[in-house]
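Take a look at the structures listed below.
Below are two complexes that have chain A in common, paired first with chain B and then with chain C.
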Partner chain A sequence: MAKSKNKLQDATRRKFLQKVGVAGVAAIGSPTIAFSQEKSKRIKVLNQNNELVEVDVSSVYPIKGTKQEQTSYLQKRGRKGLPNRKFVMVVDLAKCKNARKCMTSCQSAHQLRPEQHHINVLEMKDDTNGQTYYMPKPCQHCDNPPCVTVCPVDATFKRSDGLVLIDNERCIGCRFCIAACPYSARSFNWLEPKDADKYKDQPYDIEKNVPQKKGTVTKCVFSADQLRENELPYCVSACPNGVYYFGDANEDLVTNGTTRQTVRLSKLLKENAAYTLMKELGTKPSVYYLPPRNS
Partner chain B sequence: MKYLVIIILLITSGTLWAQSSWKAPDKAQKQLSPLVFDEDMAQQGRQLYSRSCASCHGTVSKNNYAIMIPAPGDPASEGFQNQTDGSLFYKIQKGKGAMPAFEDVYGTDEIWAMVAYFRSFNKNYEQQLMQLDGVEKFNFKTAVAYDFNIDKLVVKVTSDDKFVENVEVAAFVKGMFGNLALGKAKTNTKGIAYFDVDADMPGDTKGNLNFYVKVNKNYSYAKSTVALKVTEPNIPVAVTEGRHLWSPNKDAPIWLIITFWGVVFGIWGAIFYIIFTLFRLKKYKAD
Partner chain C sequence: MKTDTTYKDLSPEKIENDLLQTVNWSRSHKLWMTALTIGLVVCLYFYYTQLRDGLGVTGMNDYVSWGIYISNFVFFVATSLIGMLISSVLGLLKVKWITPIARIAEMIAVAFAFVAGLVIIIDMGRPDRLHHVFVYGRIQSPILWDVVVVTTYVMLSLLLLYIPLIPDLAICAKKEGLLPKLQRRIYKALSLGWANTPAQFKIIKNGIRMLAVLIIPVALGIHTVTSWLFAMTLRSGWDSPIFGPYFVSGAFVTGCASVIILMYVFRKQYKLDHYLTDRHFNLMGKLLVLVSLVYVYFNINEIIVPAYKLREAEAGHILDLLVGRESVMFWIVQVGGLIIPFLLLLLKPMRKPGPAALISLIVVIGAWFKRYLIVIPVQLQPYLPIQNVPDSYSHYMPTWPEIWITVASFIMVIMIITLLAKLFPIISIWELQEETEKNQQS
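This part shows the complex of A and B:
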């Protein structure tokens, strides 16, 4: 009896909050709509630091419901790409000095153990003259992804904005995708993930792939949660050497994560003889490399 | 005791030497901010810092800067705080070696905001304000348009309905993560500045480019953002369009769907046919 009463109270409170939330969003949203049709999909909200920030309506969701409801919401939202975007990364090998800041920031953001990598900096050796250079290697977010082709349960998928994500609520741990990926970009959670206790009450955010789950595959997600907030991926903004450029190919603009300088993508690729890894496989990667050179 | 004094002297002189190895020019050192460093400004500086500086300099006052040679240092440390406002401003603006120059990325007001943020960690700091008496103040208004005859972006700067010449104008194209600099120019006698825009610059789905314009003269500032239809509508085709082997079930290639269901129906059909024939055989026997 007491239980059902509680439920009733909950239901009314939730309903009330929903109504308030809708009214609030409408109230905040309306001046922006009046101001410009262009910005009708963005609203202004206060963040935890008491700053007024502008966010996309689609990224605002009420903090309500059970963990499962929130997870479902995030799963559904994460399946669709950001409209009219096509994300690309450019890695300037001449600038990489193996600082490994990209790796540590990635691991702390995505709840990874030190031996797990979404991005890994490899030491490469030139065959002919024996010189070495460092090559950061994230998931290539292929436009013809072999990993997605082989997934038997539709757990890993490609979004319209070019990102290849994985839903660890669907993943059955068969590791076909690990076998199919020619870039060895994926890793498996053989053990309980790092700080599992700390994350256990959080809803699963598919765009961040956190909390991680034992027995599932994990991979680089180009920090889709950051992109939704118009922020650069964790690795890109952590680099102290200006190695990474990241941006939208539809705008033809990429921004350097260190200097924040924005350049034309097509010009950058052409002028520096950019290449992609294992082009002959026809995977069409979204990550371009600028060859190592004396700079 | 004597040795201790000598050692301390040696250490302090060593650190002083290391800190003074990059000196701003005297003129730059004497620069003062025209803007009052307040909480709002420090807050703006904090945001900019976390975007562009934290990867090397770490969290301010935590001394967790990146291990590099020379060390980037913590902006709350004495080495930074003992410098003049002008010196900090100059170093952010011009850069040196591994320290990038932020001149083309951030405006002077934004760089002063970063200095304001660093100063908020220094309790003993008192701001020396620039004397702005006698300096002409402007109430800038900008009109931005695209001239198709000369293929240039035109920025007209007025203050109280009068053209202002010699105003420094910086124009950018807004991108998702940053702004593409079109350059800097000064207004002519009619208060107009021109900028070249790449002809093949793709616009958004309506053919608009978002231009961002900053003007400044005599420490008066103004900013504006304008969307102008410059190009043909650019409607990108999503990579997920069409049928691919990696598409979800409903978008699988037609030949795959036909083959799959063909095999399924073929096998089940054969089984049912055999059963059906067996029944007929039984019936035939009975007859």
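This part shows the complex of A and C:
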């Protein structure tokens, strides 16, 4: 709890998307709706050090109340996408050196066992020259997600901002979504999750999908909890090699997680011959890949 | 028309006496049920460990996330379809020889369809949230369709078992001395005031006909929807438009074979040689040949079409089956469990009760492993490589708890069939009496 409260205060410090927004306004010359709305939704609150800080109204949730009340609040809030956003990730395969910082930061944030992956760096072989390259593979957050269609209880769902999340308080553990996902992006809690005892009193945060629950499916959530606080996903900011860009397709801007440089999404994709995984399946992924080069 | 001589020595009184003798609580029956109960309790202990520790006690993993629970579910749904083929399709076609077999087929339908529903709960990670399916159910999901059709099929099959039973229940209720008083009272209540009037016969026959028609689309529905659990995904190997008819045709093979086995067991156990005659085994054997041929045809389509092209996404799976790591099981199942049995059944001596039952047993075992081959190998050939997980994730081997829990499902089926066979006449008394009377008149 304390940790997540500190994050609320930090929200003003690293507003990567706000920077992006300003750049966007300058570049495009038209106001971006997302940010004008965001301004009006900020409120001033006192933190525990008696300092007056400004936070986004959507990040505030009652710390008081039972664990169940907090869980319900988070579940309800997490079902709706952040307004006017369309999150995308760009993975530059030419830069990936298999450092695997993305995997470890993801596993620690989401309380995963070492064999459970929300993001998995795969060693792939190039068809034309036979050389190997490394391909980080998170959930593709498809715009036509096969996992969501087959879920019998609406536990996994697609948000208006492009994210595919899962509610592990609702999941019945039928694993139809695992069968349906062509990217093998989902993992199941076959046993009691890692450190289940330690986290058992925490309310369930649907946007972070923690604490994990035995008998339910878990998956990459594009760090929805971080996005709400205008921060980059865990994997993106952990990368030492500048592999990841993350941002908003509506604004046509993405920020590199290592260099913090913000670039035009459309330009980046076009100039680097970007592609999506298994385009022919019609899943419409939100993750783009820039091809490996000179590897 | 040739006069049917199958039951020529049977008077209505003899039929009644012979067929009622199975309705009792014999000592051997009690011992048998006790043994089954003990077996079930032992197996259910393993289900308790699964509830306590999670589905991790099974051999499933993030890649093979559907194991033998699901392939067993497919097998159970498949077997239950035979009720529809025999009592409805053949019944509506006025095929006479099925009269003593229809109730056996219906017992199989009820038992397998009901336990199939339990098997799917066994596979759930959170069985405590079963009610979520009704509270939050989404109509887009094939699982919802499956819940609806399986429930409907169990209900219709129960009715199709019960309604033809009504006149027989009235007969049972009158049998003094044979059964406890309470049991006879229950029969009386269940017989709904049956008094053998022509008007009542008319109602019951109309009712049976109506149910027989209704159950056909529902039965096709349960197995087609079950095939869609696979076919509606983008996995190569499951992503096949013929999966519905492929599953349905396979269902009749295991169903026919199960009926032959059960006919054999009842005939031996209850000395029903005059009722389940060699002629019935002969004809059921022929029916099994017919449905096997249809299934072979679908197998040829399902395997050869992708094997000819070896499209990249499908090549791994198809080669696994034909020449790779699953090939031994694949060829044993296809040749030993399907081709050789149907070739043997073409020979008349092989359609005698003993050989037919043995061949059917092999067919059923083959059919169970066939479902394994449909469900599991596809998952070991995902589009993207299996990496950074324990070595055990790149293959699948069911664990002992998983196997015992699966055995439990078979024990439950056998218990239900045993109970039904002890509570009610295995063969419809009134329908057989009616038929022998007609034969004698003609």
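General remarks:
The rule we apply is simple: the second predicted complex is superposed on the first by the 244 of 295 C-alpha atoms of A that agree within 3 Å, B and C clash if a C-alpha of one lies under 4 Å from a C-alpha of the other, contacts with A are read in each partner's own complex, and residues count from 1 in each chain.
In the analysis below, a residue touches a chain if its C-beta (ideal position, glycine included) is under 8 Å from a C-beta of that chain, and two chains touch if they have at least 3 such contacts.
Quantities reported herein were computed from a predicted structural model and do not represent experimental measurements.
Annotation for the three-chain superposition on chain A: chain B and chain C fit side by side.
Of the two partner chains placed around the shared chain by superposition, chain B is the only one that A:230 touches, whereas chain C remains out of contact.
When the shared chain is aligned, chain B comes close enough to touch A:247, but chain C does not. Of the two partner chains placed by the overlay, only chain B lies in contact with A:255; chain C stays clear of it.
Of the two partner chains placed by superposition, A:201 touches none, neither chain B nor chain C. By the document's definition of touching, of the two partners only chain B reaches A:101; chain C does not.
Contact with both chain B and chain C is seen for A:154 once the two complexes are overlaid on the shared chain. Touch criterion met: A:176 reaches chain C, while chain B stays clear of it.
Applying the stated contact rule after C-alpha superposition, one finds that A:144 touches chain B and leaves chain C untouched.
Touch criterion met: A:85 reaches chain B, while chain C stays clear of it.
Taking every C-alpha atom of chain B against every C-alpha atom of chain C, the smallest gap after superposition is 5 Å. Across the superposed pair, chain B and chain C both touch chain A at residues 146, 149, 154. Across the complex, chain C meets chain A through its residues 53-56, 58, 60-63, 65-66, 123-126, 129-130, 132-133, 135-138, 140-144, 147, 229-230, 232-235, 379, 382-390, 393.
The part of chain A that touches chain C in the complex is made up of residues 103, 115-117, 120-124, 137, 146, 149-155, 170-176, 178-180, 182-184, 186-192, 214-217, 277-278, 281, 283. Note for the complex: chain B touches chain A at residues 43, 47, 51-52, 55-56, 66, 68, 72, 98, 100, 102, 104-105, 173, 175-181, 198, 201-202, 204-205, 208, 227, 234-236, 238-241, 244-246, 248-249.
Those residues of chain A that touch chain B in the shared complex are 38, 49, 51, 81, 84-86, 99, 101, 143-146, 148-149, 154, 157-162, 230-232, 237-242, 246-248, 250-253, 255-264.
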